[in-house]
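The two complexes that follow have chain A in common; it is paired with chain B in the first and with chain C in the second.
Let's look at the complex of A and B:
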């Protein structure tokens, strides 16, 4: 009986090389070359770059306003998270400052986007562990937050809402009422999520003690965001270097000591609660006022450069913009959290079992398009 | 684009015109052929009348050995293959609707006026219309053989399982053992399919299935021995008769739980669906199968689903025993429906296990527990509980 299963790129012996992705239900636009020996992974080589579009270079051919919808593309799932630091950096170059109300609305949009992004992640994590209900529930509840964001931004995901000088338009008048209703509903849903998924003994058996990242490794590899907080480090750009008006609100940074897949999951769940907490406070603090500082003519700034770091859904989003006084930026450098978070993945995968691969891979919340940009 | 309803309408229209026109051609040909071939004229007459009179059709079928009481009808229609395939397809539909309700969705909705109840037919047409892709490096013979063997094994399981005191295909003193002997072959089908696909993911899936099925068939067999000890018979008829007063789920509760867990594993359902774990190994041993190949494999699996649910009903839930105001078969189907629901439900609430956890549960827990259950059965039997 002829069989070729064993001799495709076979290294000999008992080892088998698996191409997980880019056409694999558990990969995304991304490939991991996994070498397995029996049920154990002995080698893992992440292979990003399938969706590289040269977003940084393309940004040099667009002016400051055109760059907003452009730079939103890599992370449409967290559109405000990726455009907010760009706009903040552009504001430094153009030398304008947004009014207070605009800053508060930006915070609301950023936190809404964080929840939308985390719910998407949670849904995929559910199906990665074979839990189809946990795929459908967050995806359904995500629509509520998308509706909220749509009522402010006008579109479902790619809002292009934050612009230099403020935000595009004011919130609808009934937003507070709608938002609080949604938050109440979602608080209840989080308890149900815990019942069916996070406290599910099979789920904890699958994720606890899997893919442990130590504090030292996490710092050494430059991991940011929820993955870092799951290692026991309470690092959050919103607290460390407050931008917008995050120093006016009071919130906690959820952390866990374990650094395993479960810790990364539960940290993200608690972050969603904190996001709602922030939004509730912001809705209280907000006062009527202007939402935009009008900039006449084409936006351009003095030659110089600006650095801005914010906390996007996946971690610290860093922008470095260089201006030479023209209407287009001279250089836009984006340092995205996903790319830094993926570096640790090889270390986490080697030595674990093949079945743990999705549980570890997606617990890092890697977004290939963001990493490749 | 035509909708599914328009598609069905088109098919029905074609059928209508075919039925209307075909007699105009077939009957003259038939009448011309009768004198040439020397067929008895009364026979031709009977066939023609049978086409419009069902009672005469049954009588005619009876005379030629294919009537409702004949073995052929039992094997082919009820309680044999057609009935099992019908239950299997309805199970698929029921599973999809139930999962959808649990997940705040609507599920199949558009094929058929009421809640998409024609979805199985739509699925069938879809699968029939798909191209059968056989990988270039696959072992063609075994690749083609696996779906057929799978369905054949599923169908042969039906041979000795009774549905009621009167409706069964064959009677055997070992009717409990025969299905398990046939189920013992199912790892082979998986291995043939996995090996012949010549795909790494299929290969891993096949090996996983082999581990899993080997680990769970032993506790499955030992857990049903408790029932055998209590009744002293391997005959399903006698086992059901012994449950007239008390169902075996009460004295043999542990066995029922072990049997239920092993059913989930045997059917590769969540949390034991490792051989088909999508996010790890694409679709496991089913990866390379398309179209009706896939359909036949699935039908085989769902007929096995029906048989195992039926065995659970017969062994632990008293089979067709029930108050006399309903016929036995209705009681059996009611209990079967309940068991099928119980087998589907874990998919809505549980994630997938890992291979080492699965093997540990199988070898370390279930086998030990099933032996403990055997002792319980022996004690109960010696005390004369039943």
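Let's look at the complex of A and C:
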């Protein structure tokens, strides 16, 4: 029997199918079909695809530059994270290499974007757990980092800043001074975050021991990013396969052994600290120089293919570009971290209580638009 | 366990109360407006841009040749630039065509600025582009040629408490 008005399906017996989303205030454009038995979830089936826009197919009809504004649309809060691997792969096809200064500026933009993305996630996680202060604070502090990124990239979120051959413009002269001031402030602010949210019993009671993923399961399911690091695996593409100039900077990979929702949260908080650590080192290491290798005419590659893997805010972002020597790429395949983490939802939700669903769901930092591409 | 519970709650309250007395960093928008120094520009000779805000475009009509490269750059991105006929005589522009930009479609990526080989299309810090009519979002070449007035009255200054506007 089906009750269309309430979207509730009676499975017979004690079980009931609930449709969470796609208008759920927090799930985004995404639906989970949850089968409940009383208060317990006995089955969860994620249903992505509401915001599929065919980014991969669109990329076949645009040249290497025109693709950039389109490919950053799926994850506008992590715009550099999603376009950087594309540009690195395009550079392999076109056979150019960015100058050192451009590589350092790319690293700064990527790390700023990681902080911007993590703060957005933290704000939403706060409101998911009913903690309005934790919604306001990260959203306010996020603006400081957006202002820093805007002073380089020109817009608030969609910068279209990294292009094959380098970056589009140099940093403003007062950037270092402004950035260091913001980092000093935010390092103190992280301690306040810990006091009001991370050490707050109201938060720990709802996240500690909830949604535990073991090391073995995480590897078996192919989980990536912070969710993997929260299970005790120190996997980070920035360390494992350094791109740009990440091998010149010294940073730690925050890990936790517990694998629960709390571990996934605290790992992201520590990642923001590490991002600031990286940016401080990069600002020291940077030397004046050219920022772009000029490519004459329309960008065209030799026939061939390129694979690039980078660490975006949500995990490993992978691009595979096939070129047939024309000005448009022949095929662009994007493997996004959100889509790889979606399987963790099915795994974690089964057996938990319905009230724990928001705490588990958003602790995975799932971004529907990125997963649908 | 109880000690952890009590210190946790008291610590959270202490931080919360301390923050009530802190200076807020909100920009009170219609009264206060951010003063942005420069827009995004691009030097065709060195092929690099200079950092700046990507807002409304500025078109230098005396330098435009009507080559349509900006429209071609925009073709597959937002398709918002149309080359339209303009009146008058333009020594550099024999075809009398200049770009007209539809801000209902523009994504402010600035690739049209990068494409201009004559340094005649730049961007300005103007961001208040809303209109009550969809047709008013289409800016003609002569509207684009007017440099916007500087309306900003405050600057963002980072400090120990985050930032303030002054």
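Quick notes on this one:
Simple rule for what comes next: the second predicted complex is superposed on the first by the 364 of 373 C-alpha atoms of A that agree within 3 Å, B and C clash if a C-alpha of one lies under 4 Å from a C-alpha of the other, contacts with A are read in each partner's own complex, and residues count from 1 in each chain.
The rule is simple: a contact is a pair of C-beta atoms (placed from the backbone, for glycine too) under 8 Å apart; a residue touches a chain by one contact, two chains touch by 3 or more.
All figures in this text were calculated on a predicted structure; none of them were measured in a lab.
By the touch criterion stated above, A:206 is placed in contact with chain B alone, chain C being left untouched. Of the two partner chains placed by the overlay, only chain B lies in contact with A:39; chain C stays clear of it.
In the superposed model, A:306 lies in contact with neither chain B nor chain C. Of the two partner chains placed by the overlay, chain B and chain C both lie in contact with A:133.
By the touch criterion defined above, A:196 reaches both chain B and chain C. When both complexes are overlaid on chain A, the residue A:353 reaches chain B alone and has no touch with chain C.
Judged by the touch definition given at the top, the superposed model places A:18 against chain B, while chain C stays out of reach.
Once the two complexes are laid over each other on the shared chain, residue contacts for A:185 go to chain C alone; chain B is not touched.
Of the two partner chains placed by the overlay, neither chain B nor chain C lies in contact with A:218. Common to the chain B-facing and chain C-facing surfaces of chain A are residues 133, 140, 196-197, 200, 202. Taken together, the chain A residues at the contact with chain C in this complex read 61-63, 65-66, 68-70, 133, 140-141, 143-144, 147, 150-152, 154-155, 158, 160, 168-172, 178, 181-182, 184-185, 189, 192, 195-197, 199-202, 204, 291-292, 294.
Residues of chain A that touch chain B in their complex: 1-6, 8, 16, 18, 24-26, 36, 39, 126-137, 140, 196-197, 200, 202-203, 205-206, 353-358.
Note for the complex: chain C touches chain A at residues 4-5, 8-9, 11-12, 14-16, 19, 25-26, 40, 42, 47-54, 73, 75-78, 107-111, 114, 123, 156, 158-163. Residues 99, 102-105, 137, 139, 142, 195-204, 270-271, 273-274, 277-282, 347-357 of chain B are the ones touching chain A in the complex.
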